[in-house]
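Presented sequentially are two complexes of chain A, the first with chain B as partner and the second with chain C.
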Partner chain A sequence: MYEISLLTVMSFSVIFALSLNLITGFCGQISLGHAAFYGIGAYTAALFTTDGGSFWLALPLAMAVAGFFGFIVGFASLRVRHDFLAITTMGVGFLFTGFVRQQEFLGGEEGIAGIPDPGIGQIPYMLLCAAFAAAVIAFSLYVKRSWMGQAFDAIATDEDTARTLGVDVARYKLTAFVFGTALAGLAGALFAHYVKFVEVESFDFIESISVLAMVIVGGIGSVWGVVVAAAFLSVLPLLLQVFADYKLLIYGVLLFAVMYFAPGGIDSLMRMLWRRISGRRTAE
Partner chain B sequence: MNYSDLLVQGLVEGCIYALIAVGLTLVYGLLRILHIAHAGIFTLGAYVGLLLTNETGSFAAAFVITIVAVGFFGMAFYRLFYEPILNKPPHVALIASIGLFVAMEEIYRLIFGATSISFLAPPLKDTVEVAGVRLEEGRIVVVILAVVLIGGLALLAGRTRIGIAWRATVSDAAMAESFGIDLARVRYINFFVASALAAAAGIMVALLLNQVIPTMGGVPAYKALAIIVLGGLGNVKGTLIAALALGVIESFGTIYLDRVLDRDAIAFAFLIVVLMIRPQGLFARR
Partner chain C sequence: MDALLSISGVSVRFGGVDALADVGFEVAKGALLGLIGPNGAGKTTMLRAVTGMVRPQTGSIVLDGAEISRLPTHRRVRLGLGLSQQIVRPFAGMTAVENVALAAGYAKTADPLKALATASRQAERDRARTLLDLVGVADAADALPAELPLGYLKRVEVARALALDPKVLLLDEPLAGLNTSEAARLADTVVDLNRQGTTVVLIEHNLSEVMRVCRQLVVLDNGRKIGDGDPAEVMADPAVRDAYLGAASEAPGEARDAAA
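Let's turn to the complex of A and B:
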């Protein structure tokens, strides 16, 4: 049932990557601590279901708690910008891991084991994750075209100009943070009930960088590019041992190489390719 | 432990943070790049210093060779990786730098192995008593190094032609260039100095812990980022004060905050509290 686990992993990775894409891609707010919200979702859901709560209630609960913390961190984005914000969000990630490590009720260093199975079987669980991923893709595409997406884009391009034009910058930034972090919480809850074990290392700085790599490689702000990048980068370590051994080296080189040679990521490469192909056709 | 012990330990830590953070803030002040890969250079300094000491038997010789060699490495690093992307939007250099740092750690793991390596005969391990506090010689050397190197840097910046060129470039690069200052040269020297300081910090941390591992750059480097933000990005004096303050706060924090937060998260808790009150850092850029 190897393919099933691949598709499951792929699905919650796509959700996680798209959730960051909402904040960093659409709204232009670089976050270096997004794994914290993935972690908040995972821990919330894990605590709730190990305590006897229903899996179906755990999902919205994880979203609500992650979104609530996202709302608070969103206020930071109103106070500080650009490089300051990058370091602040990185700090949020460290605060999360630093806090969890010292808390007994969160399992401290050992984490939480024995998270109950959602009890719907492997294939339905995969389908559930895939359905959520599809819904998040649809939501992202919808947001991108909506009035809100235009406002996000204006803020990402030039915040001061957007403000001058009457865009309520604070409101849209907070909205982006709440949506993005709540979706990260959903991905975290799905992840926790797939591996049935959460520990703080799964949500550290490296994890934040890995998800950032998915967004960067896919193309900042591009929905399909990020979906493709997240799908590939999440399952490659499971498919190829070489990739698993050198995962961080590959992520590091990819981050650098994409920024250096093709800052638009897969999205802009595909567009370039498409233009060349269609250009040749019209020429013929 | 009594208060004077905690204070002294905190100041020693603070000096290490200062050695790392000053380099970062110099790079930021000149190029507006958050040079995350600085942490990789710190680790490189630790490896080279430790291996050279084990090879030659002389810590002092190894120290000098390492900081010079790593300084040149920093120049090459800038030339290869940063110079070509200087004119792109700011997030480009930031993300490229993160990628470089992650890749560097992995390369160290491949070359030197994932397990730690130690000094064959750890130098400067005797303890001496200074003003009623027992201290390892290594810790005293850290403080002396920080004072000498950063003090030397201040003299260099204040009294020499190259220092004047450097300050002019920081305040207005285009204007400096029109007065005939060679910007490329200033940037090379900047990276040389920053990388040499990071290497010095790396060797001293390796010495105090008596081990070097591929991921040792992570935690101090992230803290250094917090420190330069606290100090008001690009402000050297602010960075120094923030570094020492953080060392002391952490040292007391491990006693009083340990049940809530792990030691390494204190820097960021402090950072976030400060930024929410003063978004420009404790000390704004001049």
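Let's turn to the complex of A and C:
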């Protein structure tokens, strides 16, 4: 059924977008190569299950492998900042696609086909993805409230001052990268077992920009804003052919509009609307 | 007399300029030391060298028996330094009380995973409110930094440094931007804290407050130490008078700005 597909796609897109929100939104570390970790998760899970491995083991394995590479890339964030980090992570994205294209064991240009079905049926798979998405939403909301979220917030605002308050900036950044990339790996594994076919184009630079667009349009650092943006932007191309055809153009316009008119994204628009409504109510 | 903070032979070069040349002094436990000198003398650079925001080319910095000159800033802070910077750096997205509470939660933020395990902030918020009250800005607790005048932000910055329970409190011009009565009140607060056992190093241009509260002065000029000791004796030294009053007489506008 069509609605089931939409909800499944929505679910792993929400996980993917929230995984970047942890790194870029919470901890303030820009990444233009996040699709690489989505890809690492997808390829790890695909290789594992096509080789006879269990789907249920493939999920934690995908998270571990993606998180491991995230840890390594996280070191880049300790040495470079802001626009330099953007360029570095973009390079990581290109490194991933360039590497995969040349590897026979990863299917090269052709990708990996015939990924086995998890064998639980369409609706349970949708529910599984939705449950993971709900768990990641809950986790994000909790992180934001916790002392870790406070420290992330300080680092995102002014990391030098965070240091003068005793915050070990390096360890927090690495933690953000490991958590964020491991969750991207989970999203990738769920994606791979939904489409049953992975190819390198699904994890290229455009995908990295698309997920960054979801975070920016939703409101950098906002959990619900990013959930709404990811849910909406991920299924639009499936609902409207015109959106699929002009996806990049529409993302470009959306990014420009958000940056120009509402840098806080959907989150700030919702808050503004809420203030108007509650303001009118108190006025009456 | 035990030296709680012992600085020796610190040199910092920026390009070809000696910002600090072989400067050393001792801060006794319980001291209230004024670090003074004309603009560009190297006072702020010295505090930045102590906190590790600037890496000295040579020199040793010992805090409570531990050599800290090779440690990163956050570890030095955890060994007992609290810094209030000259140019205030509040976290813009957090209210005044949240800014101070973040510092007060230093035990909880020591490790990222431990920080993830706990979300309760009531104790730290209560402590933050107490400290904001102590520096006289309790009424601004729930305001965002953008809504507060500089005089308030300076005191929030001091409260945030205090929240770290430092052994040595480093204050870089905390009185600048405060009016005369606010400045006197904050200076009195610093004296009270010092009486209760906090060792304080104070950089300050407000010389009348420095002479009123400090019991030891270290004078820097052009990156060199030109005086160290009892305030009255140090200020009687012709070399200090020359360096200090020469510069002060050039900048009457600045004194007015500071008083405004």
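Throughout what follows, the second predicted complex is superposed on the first by the 284 of 284 C-alpha atoms of A that agree within 3 Å, B and C clash if a C-alpha of one lies under 4 Å from a C-alpha of the other, contacts with A are read in each partner's own complex, and residues count from 1 in each chain.
Criterion: a residue touches a chain if its C-beta (ideal position, glycine included) is under 8 Å from a C-beta of that chain, and two chains touch if they have at least 3 such contacts.
Predicted model, so just to flag it, every value in this text is computed and none were measured.
After overlaying the two complexes on the shared chain, residue contacts for A:171 are found with chain C alone; chain B is out of touch. Of the two partner chains, neither chain B nor chain C is touched by A:122. Number of chain A residues touched is higher for B, counting chain B against chain C. Once chain A of one complex is fitted onto chain A of the other, the partner contacts of A:209 are limited to chain B, with no touch recorded for chain C.
In the superposed model, A:54 makes contact with neither chain B nor chain C. Judged by the touch definition given at the top, the superposed model places A:278 against neither chain B nor chain C. Residues 51, 53, 72-75, 77-78, 83, 85, 89, 91-94, 98, 102-103, 105-106, 108-119, 121, 160, 164 of chain C touch chain A in their complex. Listing the residues of chain B that touch chain A in their complex gives 28, 32, 34, 81, 84-85, 88-96, 98-107, 110, 218, 222, 225-226, 229, 233, 258-269, 271-272, 275-276, 279, 281. Residues of chain A touching chain C in their complex: 142-143, 145-148, 150-151, 153-154, 157-158, 160-161, 163-169, 171-172, 175. The part of chain A that touches chain B in the complex is made up of residues 30, 32, 75-76, 79-80, 82-84, 86-88, 90-92, 94-95, 97-99, 101-102, 205-206, 209, 212-213, 216, 246, 248-249, 251-257, 259-260, 263.
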